[in-house]
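Listed next: structures, encoded as structure tokens.
In the two complexes below, chain A is the common chain; its partner is chain B in one and chain C in the other.
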Partner chain A sequence: MRVWRAELSKLVSLPSVWVAVAVGLLIPSIIAGITASAARTAIARGREAAAGIDTGYQELAFGVIGVIILGVVAISSEYFTESEDSGGGRQITTTLTAVPSRLRLLLAKASAVAAASAALSVGAAIVTMTVVQSMLGEYAPALSGQDIPRLLGVVCYWALTALLSFGITVLVRHGILPLAVLIANTSVVSVTYLLTRLTPLANYLPDMAGIRMFIRDLQDSSADIAPLVGGLVMAAWTAALLAVAAFVFCRRDA
Partner chain B sequence: MLTIQQLVKYRGSRRILSGITFQARPGRVTGFLGPNGAGKSSTLRILLGLDRASAGRALIHGKPYAELRRPLSTVGAVLDGSGAHRARTGRDHLRWIACAAGLPRSRVEEVLEIVGLADAASKRAGRYSLGMGRRLGLAAALLGDPELLILDEPVNGLDPEGIRWLRSLLRERAAAGGAVLLSSHLMGELAETVDDVVVINRGQIVADGTLAEVVGAHRTLEDAFFALTAAGGGVS
Partner chain C sequence: MPPSAARTSPARRFGRRREAAHALAAELSKLRSQPAVRLTLIGTWCVHLLLSFAFTQAEAQSPGGPQSWLDIGLASFPYAQAGFIVLGVLAACSEYNGGQLRTTLLAMPRRGLQFMAAQLALALWAVPAALIVIASGIGLAAVLADASSPLDAGRLAAALAGATGALALTTLLGAAVGALLRQTLSAAAVMLGLYFVAGPILRGRIALAKYLPDAAGIAMWQPQSAQAPHTLAPAQGALCLILWTLAALILAAIVYRRRDI
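And then the complex of A and B:
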């Protein structure tokens, strides 16, 4: 618990974590504002019947960039090497002398990242859905009991994505590569989505499976996966990756 | 008491430590001398549980570092630089360490005062000078008020005043019955601080004894050091 609180206080005192929070809150809500206002115009002019079933959720799928940053910097900050002029130190040496049990440290760190990401996803969902409701006004789809499992799905998707980013960064010990690859896959070109064009098996990749926890209308999907199954598939990927990361982290030289 | 027994370390296929054995005794400051790349840092990293030995043991009060019940209250260590992330303030850095070690927050302000960083505590570590960074590292090492100190090249970057201050701090710790182990490739600073000297060269111990024993027939510690390390070998 002590170690967990220490890891949480590390996150809070790191400026790049606040960048992650800003990205996680702003990206989905701004994009939701733009798409909702376009949808409102289209509905008012009779070009569309109603707002799509995934209004707000699509944007939350995109806002996961915030927790990708969080998951990566939580660990890359440990391995950032100071310049020779400042003595060339790395924080990981301080961390491991304070908490010599590596498994305990990694568990505390991962759960701090998961907790922070879950909290951020709740904030992002509230802001984004509020923007959608206020922009669409009378045309807004009413939030109902059916949205509860979907919103829970958003929280799980964000926390699991943060842990996947975290696990990859533990393995590579550097922030730039995982950040670039994971953010590009979420925003610019979704390699995992393109793979589903080649083989239906790619639908079981972690992000493609996990997104089914809350997206209902996947365009030209090549496989039918239930929300719960999608979540379990993503959780299994995450658990496997974290197990590998923990094995490597506990064995290698710091 | 710090005990290094038959330590061997390979990096890839290169052997960087070949059977190192020595002790740092309570009540004494032990200087761990050697040229750059001789294996000083690797030995200290293994002692702190950061790196894994290929063979042999490195023990603190008879236990590997990872088995210490309260590591920061047993050993304080300063390795490269400040050991802090550059974007975090000095105070925030010490606070998370105190939290992880179960030490009170008030102790953070105390060590900031001890190392003379109280005025710079709200500055980000990345804006510290090399000397201030070293002081922050020392503040972290002193947080748990440990009996043992392990310092890697502690005088690097310190100004003359800082070196003088560090010297008296180390003497005080030893006088109080603690063991201090410090590595250095600078002879001048060390000769006035240490009681015992261990000289390492190319991964092997080439001399181990009291300061007087190691200096022996040589004029100064520096002369003895160059004589011991020049040939790439020597007698123990």
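And then the complex of A and C:
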């Protein structure tokens, strides 16, 4: 618990983490605002009957870029080499001096990242849904009991994505590769989506499976996966990646 | 030779030119010696070929009839941009790792000239690399897909030039943002967020988004189609992206000349 608190305090003290928080809150809410105002005009002019079932959720899927940054910098900051003036050291040596058990350290770090990402996703969901409700007014899809599992799905999706980016960064020890790959794959037409056109098996890749936890109207989907199954598939990917990362992290020279 | 002769203008101009040539040679050798630059380029190339292969296979199975192999070969262009963004950011930010910049400026105190030499060296790397990546992607699609469809040489040359130019300009834009922010990860996050999240999302919602660098880069090689009437023409896209890159480079150069290191 003390290690966890230490890791959380380290996260809070990183400037990049605050950038990640700002990105995670602003991107989905601003895009939701733009989409909602366009949808409102369309409905008012009679071009569309009602706002889509995924209004707000679609935008929250893009906000995941915030927790990608968070998961990456949580571990890449440990491996960042300081300048010659400050001795050319790396944070990781100090960290491992304080907490020699590598497994404990990694568990504490991963759970701190997951907790911070979950908290961020709750904040982002509240802001985004408030924006959607206030912009759409009477046209807004009513939030009901059915939205609770979907919003829980958003929280799980964000936390698992953060852990995925965290796991990849542990393996490669530098932030640029996971950042480039994962952000490029958050795009409107993602690589994994294109792969689903090649083989239906690609629907079981972590992001394609995980997104089914809260997106109901997936465009020309080539497989039918229940939300719970999707979440479990993504969790299995994350667990496998973290297991490999933990094995490598415990064996490797720091 | 008396000292006053050295100050005459032809000799001085010759000295300046030699100084610039040396600065350029130094920047080229710096880029060549960085493993990260090499790894980024090789990685981008491999991923691009893999994606081109996947697109060709996917297109062969699509029911709507196959597109031309030129379009298939260029379909993975947006993802190649990620690699070239990383290239530009890494090249610019490597100066700020462990005080390399102090060594650089000790050898070449004229910051404006050093900055221009660094960008020119990066462009000299980026253009051939982009050409190889793009041409090999198109070539792979041509070999794998049904290459019997008629070849419009003019269209091929225009697409090749447009896509290469867009990638090279994107690299320089990445370098400018990298030089401004000085931190690899922040600069990469800003550029990638703009190209892959903000740009594509705004494109469908705001008309002005077609002037953003990512849309302008795609407009440089994609022919205007009936489905998307609100895109720029290739020349407009090129002009737009050049303006973005120049503006970012000028801003970065001004900040770079004034800033303490």
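Going forward, the second predicted complex is superposed on the first by the 251 of 254 C-alpha atoms of A that agree within 3 Å, B and C clash if a C-alpha of one lies under 4 Å from a C-alpha of the other, contacts with A are read in each partner's own complex, and residues count from 1 in each chain.
Everything below uses one rule, namely that a residue touches a chain if its C-beta (ideal position, glycine included) is under 8 Å from a C-beta of that chain, and two chains touch if they have at least 3 such contacts.
Bear in mind that the values here come from a model prediction, so they are computed numbers and not experimental data.
Superposition model on chain A: chain B and chain C are shown accommodated side by side without a clash.
Of the two partner chains, neither chain B nor chain C is touched by A:A240.
Working from the superposition on chain A, the chain A vertex angle toward chain B and chain C, CA centres, sits at 80° in steps of 10. After overlaying the two complexes on the shared chain, residue contacts for A:G88 are found with chain B and with chain C alike.
When the two structures are aligned on the shared chain, A:C250 is found in touch with neither chain B nor chain C. Legend: residue contacts after superposition of the two complexes on their common chain; A:L201 is shown touching neither chain B nor chain C.
Once the two complexes are overlaid on the shared chain, A:T35 sits against chain C while remaining clear of chain B.
Contact with both chain B and chain C is seen for A:S16 once the two complexes are overlaid on the shared chain. In the superposed model, A:A184 makes contact with chain C only, not with chain B.
Of the two partner chains placed by the overlay, only chain C lies in contact with A:I69; chain B stays clear of it.
Once both complexes are placed on a shared chain A, the shortest Cα to Cα gap between chain B and chain C comes to 11 Å.
In the three-chain superposition model, chain A touches both chain B and chain C at residues 16, 85, 88. Contacts from chain C toward chain A in the complex involve residues 51, 54-55, 57-58, 61-62, 78-79, 82-83, 85-86, 89-90, 97-99, 184-186, 188-189, 192-193, 196-198, 200-202, 204-206. Only residues 16, 19, 23, 27, 31, 34-35, 38, 62, 65, 69, 72-73, 76, 81, 83-85, 88, 175-176, 179-181, 183-184, 186-189, 191, 194-195, 197-198 of chain A touch chain C when the two sit together in their complex. Here chain B touches chain A in the complex through residues 45, 48-52, 65-66, 68, 71-72, 75, 77, 79-89, 92-93, 95-97, 99-102, 126, 128, 130, 133-134, 137, 140, 156-157, going by the rule given at the top. Listing the residues of chain A that touch chain B in their complex gives 2-3, 5-7, 9-10, 13-16, 77-78, 80, 82, 85-91, 93-101, 251, 253-254.
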